[in-house]
Amino acid sequence: MNAVRKKEWLCPRNVVAGLAAGAMLAVAGAASAGVIKIGASLRMKTETGEKYGQMVVDELSAINAAGGVNGHTIEIKLLNDECKSDIGVANATKYAYQDNVHLFVGSTCSSVSLPIVDVIHKAGVPMLIPHSTNYKITLKGSPWVFRVPISSRFSAAAAAKYTAENIGTKIAYIWASDAASQADAQKFYEYIRNFHGEGPLYAEQFQEGELDLRPHLLKIKALQPEALMISAQSQDFARGLVQSYEVGIPPSVKRIGGSAASNRPAPILAGDAIKGVFFHAAFSYVDPDPNAQAFVKMTTERYGVPTPDHDFSQAWDLVQIAKRALERANLTLSDDSLAADRAAIRDALATIQGYKTLGGGVVDFCADATPECRDGNKTPVLIEYTKGGEDYELRVIGKTTFGADFGLDGMQEEAAALRKSLDN
Amino acid sequence: MLLRTENLSKHFGGLRAVDGIDFELEEGEVRGLIGPNGSGKSTFFNLVSGIYRPDEGSRIRIGGQDTTHFEPHRIAALGVARTFQLLRVFSEMTVLENLLVGHHLHVAYGPVAAVLGTRRMRNEERRVREEMMELLAFIGLADFAAMLASELSVGQRRLLALGRAMAMRPRLLMLDEPAAGLSPVNVDNLLRIIVGLKERYGLTVIIVEHILRVVMDTCEKVTVLDHGQKIAEGTPDEVKTDHAVIEAYLGREMEDDEVRRVLQG
Amino acid sequence: MDLLLDFIIVGLSIGIVYGLVALGISLIFSGLDIVHFAHGEVYMIGAFLGIAIVSISGVPYFGALVGAMIVTGAVGVVIERVFYRRLTRGGGGYTVAGMGMIICGFGMSVALQNVAYLIWGAAPHPYPVSFGMPIFLGNIALPKSYLYILVSALVLMAVLHTFLTRTKLGLAVRAVAYNKDTSYLMGVNVPAMISLIFGVACAMAAVAGVLIGPINYVQIEMGYLMLLKAFAAAVVGGFGSLPGALLGGVVVGLFETLCAGYLIASYKDIYAFLLLITVLMVRPTGLLGIIVKVKA
Amino acid sequence: MAEQAASLRFIDATERGLTRLRAVHPLAPWLVAFLLLAPLPWVLLNTYHVFLANFICVMILLSVGLNIVKGFCGQVTVGHVGLYAIGAYTAAVMSVNFGMTFWMSLPIAVMVTLLAGAVVGIPSFRLEGAYLALVTLGLGESVRIFISATEYLGATNGFSGIPAPRIGDFRFDTYQKYYYLVMPVMLLGVFFSFRILRSRLGRGFMAVREDPVAAAAAGVNVRGHKMIAFLISAGYAGFAGALYAHMIPGYLNPRNFTVIEMVTLLLMVVLGGLGHIWGGVIGAIIVTIVYDITKDYYHYSLLLFGSVIVLTVLFMPKGIGGIIDRFIATRRFIAIREGRATRPGSDDAA
């Protein structure tokens, strides 16, 4: 009987005891002082996702090698959210409540960042956004949210303004079924409608990975637009461009891309069809600015990416901003100072002023929980492809800097609704 | 008149599997249905039990009701139970559950009661389970009640199929080759059970069987089919000497084992 | 009127693309009674293998096509031997093993996609090939790819059809398709036949992948949407019929193009499903339907 | 071997305990389960674990529902995620655009999902196996595409701002509070599934799965049962969807209703045990927890999911539930043979 009893270790009492012991260990682990914890949730399974994810980790870890921030070491964790909101929300919740991070970095996709704002707001964790551009994210008005990239209210407007002034206002739009592509197109035609009184000639969506865009393009061709915007991830964008020539939309119709047009595969896949296409971004690797060129050199050498797109540059900017904020924050990092430390980092982030980005913009944050304060970069770059293929070339058309409150007219109602739902 | 068919026909493509059969069955009768392979016996069963739709012009009446276009479960609700040549027991269900499905129509509570778990439902479930265990004991499978049907031997499965049909408390029991594949000892056993059932519950039975002994020993009247048509009907002795029947069975090339089976009978 | 003609040309051209992929799906169904939900991933792997062969050995396009066929066919045989063998033994179609087969197909599909991600990464790849000037049909410029797709779809269909109906081996395959147990008793090497069917179907997926590559670009998620369209094509044409698969592809391509053209274009992909569902509900045997086996 | 024996004893003890509880009152085990689950938010380590518990509850509802139609009734549907999406979006639209309270939008969402379930159910009258799988896949995908291309439903930006449910001034606006909404619903759902499956209705489902022809001959209304199975599973999906929609952060996006989610759901049901009464519950718990633990290895997550599905189908077709069943059945058979136990006929139904 005794011999048998020995093996009954899986009885419920023991299981509970084991869980309790595990809990204590976990709590003990979480309490180690002097460590600043950063949690990142990014879309990793993309062409360069892995690489800029790695860069974020490397850059922040490098601070430790240099003696840390005010004597504190940094611990960074990276999770993939697949650009799916429920995974992103789970990641953010895990960081906020289990890993007890002091700063949350994420996400890549607007549709993921949008709900995370609510989670982060409730938990009281500062959130630094690397490249979600949807204007609603900051319009929600959470004091915890800071955005490094250019809000779609600026970037699309810049492209729209340029188009309206130099090309025309009869524009057809097709966009892929992801939030960023949709927001790009939407903000574009809203600008044209608001400032030039012309509605979109054609505005339809297609599924990501759609093989045949020609039905859309044929309809567009019959409408004889002055410009055609294809807002989609690189392969869909390239396919759309190529097929727009196949169905016979004349070269005189200007092709416009969304911000994803800057991704490296786009010109390689589209080949000659991409010539003359322009798009907006936060950064161009052809920028002669020495900072930018140094960055390109760095990514080439360390990550094998000679043509970093603005996802890459914004991740870099984000790391620099995070560094500055952490240096300024007065952190205790003891067992029970988590909430205070998080608030300190938030307040430190709010004091960031005049950070010059690789793309030539300036990131200014301030304390108010408004889009004016929290949409850091207000300087989109307009870029044009001058050659397609493996050895593609581009040129910078120009940069515009917007006022902080640009594009917020008539948004009060939406902002109020968003803020209300945030408090819900 | 429990069962009557008029001009019952069914064709598959060009093949007339059942061709204008008029068939009558009295309450309490035990009827044998024989005929060579492909003579339409199983099709006849499938038509009566509603699994096949009969051709235009056919009529089936069960207990005075026109069931020609009834779906199988409605025919079952009239008290018609059947077994299948290929058994078709529910192999991933337990032996007891198989019987419980057979008893489906006599479990007297609705889905709402099931969800709410009313006292009536629980009492009913208890009654049903006890009754089915009794039935299992009667067919000798009580010890296997909690086993999956797939774990039974072929003979046991045949008994189970019979038990499932009995669980339906039928007025009319249609047995499709109940003895196929059984050893002679088990055939005797089965005969005993069938006779026992008939005496105990006063059933009306139709038996399709290749082993003529089964039919000759148990049935008062035998119907013979060939090429989808009824060629003879009468007592076993009458049928045995009927010229058309002998011709149907012997007047064509027969497979070895079929000859053996006939001779055995 | 001009627009309608353009829509028809576009619909036809994309239709043959669907048809080409549907051929392999139909072959597996007619041979093994399996609806293979991982076929989209086989198609994707075939396309990647084609690129890999080109970039490693530098053989011309046609060589890559043949190479991808052989390798993908081999991969298919391995998949069948290692994973599907247990299930194919249990029978496909409506059986419980058939349900396992469907679930297994989904599992296989996501697993293969992940494997491809680990090998080739997430970036889309261009197909390193140029066919020169496109063909002009009315106002539409069709890349030569479509021509090759049409030709190879017809050739594949004809060759397979002849193989299945005229040769002894084809007869054995059809016997296996009809009834595995009986074929086994008749002395047909059933496992070998199953592997053969699976391998050939996977090789056909590779053909599709390599030929469609220049239009579609090659990336790990390319299989899924294509698979759904190809299923629609196979079903509409009559599952299991090779000419039906091609015809079905054309019908699906035309239908969705015309619907997208004259109705809300944003819902383009829904139209193919609607056609699939309607055909299954109204005429499950499809346009060139084979007679469904009666079971009772 | 030793482990096997240990777990066997555990099962045995559980069985005996349950029997004793049932003898007190048929609802007693459920009450005990509720009392055991109720303090969970305080026992669990942190809020994230409570979040996971909530998520598991939603997944249990979904997979239990799917198991009823797929595991018990044998209808191969792969469009379940579409029903889930319909439930979630209906509840969201009702709550946000029509300003209804949760208690109004929940029943409406369930009703709409039931309607959609009936639409999915109709093809099952004519189609089986792979054909049904194709149709349901098409319907499910159509739902997703429709949502992602419809501005009214937030399109790809997602539908945000779904308020937390409230009773008077009490708001279910933390994961801890929400747990007391979703856990009882989950428990009720599991309870009802037990009741349904262990009744006449459940046996009818299984008979339809095993052999529709024989089931019909035994008096089971095959079409009726298929339809009821689809409706029940749709009802579960409706509840799951409405609960998911109103959970923090009150946000829906069509990207969360793709085939990958469907495969995850399949994995839950298959691993837990297709056609096992506990299958959905076991699967949802294990898959969600394992997924969380393996978060760091996202490179391989789909490979892991896919391989587990394939291997389960190949080597463990009845899932974990099936293995447990084997233990119990074997032991009971031996016990009966040795005269140590009564026959199952005398068991209580609930």
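Letters A, B, C and D name the chains as they come in the text, with residue numbers starting at 1 for each one.
Please note the rule applied: contacts are C-beta pairs under 8 Å (C-beta built on N, C-alpha and C of every residue); 3 or more make two chains touch, one makes a residue touch a chain.
Predicted model only: the values in this text are computed from it and were never measured.
By number of C-beta pairs in contact, B-D leads when A-C and B-D are compared. The most central chain, judged by the distance from its Cα centroid to the centroid of all protein Cα atoms shown, is D. Most remote chain with respect to chain A, judged by CA-atom centres, is B.
Chain C has its Cα centroid 37 Å from the Cα centroid of chain A. Chain A and chain B have Cα centroids lying 71 Å from one another. One finds 39 Å separating the Cα centroids of chain B and chain D. Centre-to-centre spacing of chain C and chain D amounts to 34 Å, using the average Cα coordinate of each chain. For chain B, the set of residues that touch two or more other chains comprises 51, 92. Each of residues 45, 205, 207 in chain A touches at least two other chains. Of all residues in chain D, those that touch two or more other chains are 145, 149, 213, 299.
Those residues of chain C whose C-beta lies close enough to touch chain A in the complex are 3, 6-7, 10, 14, 17, 117, 121-126, 134, 139-143, 212, 215-217, 219, 221-222, 224-226, 229, 253, 256-257, 260-261, 264-266, 268-269. The touching residues of chain A, counted against chain C in their complex, run 45-47, 49, 204-212, 214-216, 218-219, 222, 234-235, 238-239, 245-248, 264-265, 268-269, 271. Across the interface of their complex, chain D is touched by residues 7-11, 23, 26-27, 44-45, 79-80, 82-86, 89-91, 93-94, 96-98, 110-111, 114-119, 122-123, 134, 136, 177-179, 181-183, 205, 207, 417-418, 420-421, 424 of chain A.
Those residues of chain C that touch chain D in the complex are listed here as 29, 34-35, 37, 83, 86-87, 93-94, 96, 98-104, 106-115, 117-118, 224, 228, 231-232, 235, 239, 266-267, 269-270, 273-274, 276-277, 280-281, 284, 296. Listed in rising order, the residues of chain D touching chain C in the complex are 70, 74, 76, 78, 123, 126-131, 133-135, 137-139, 141-142, 145-146, 149, 213, 259-260, 262-263, 266-267, 270, 274, 299-303, 305-310, 313-314, 317.
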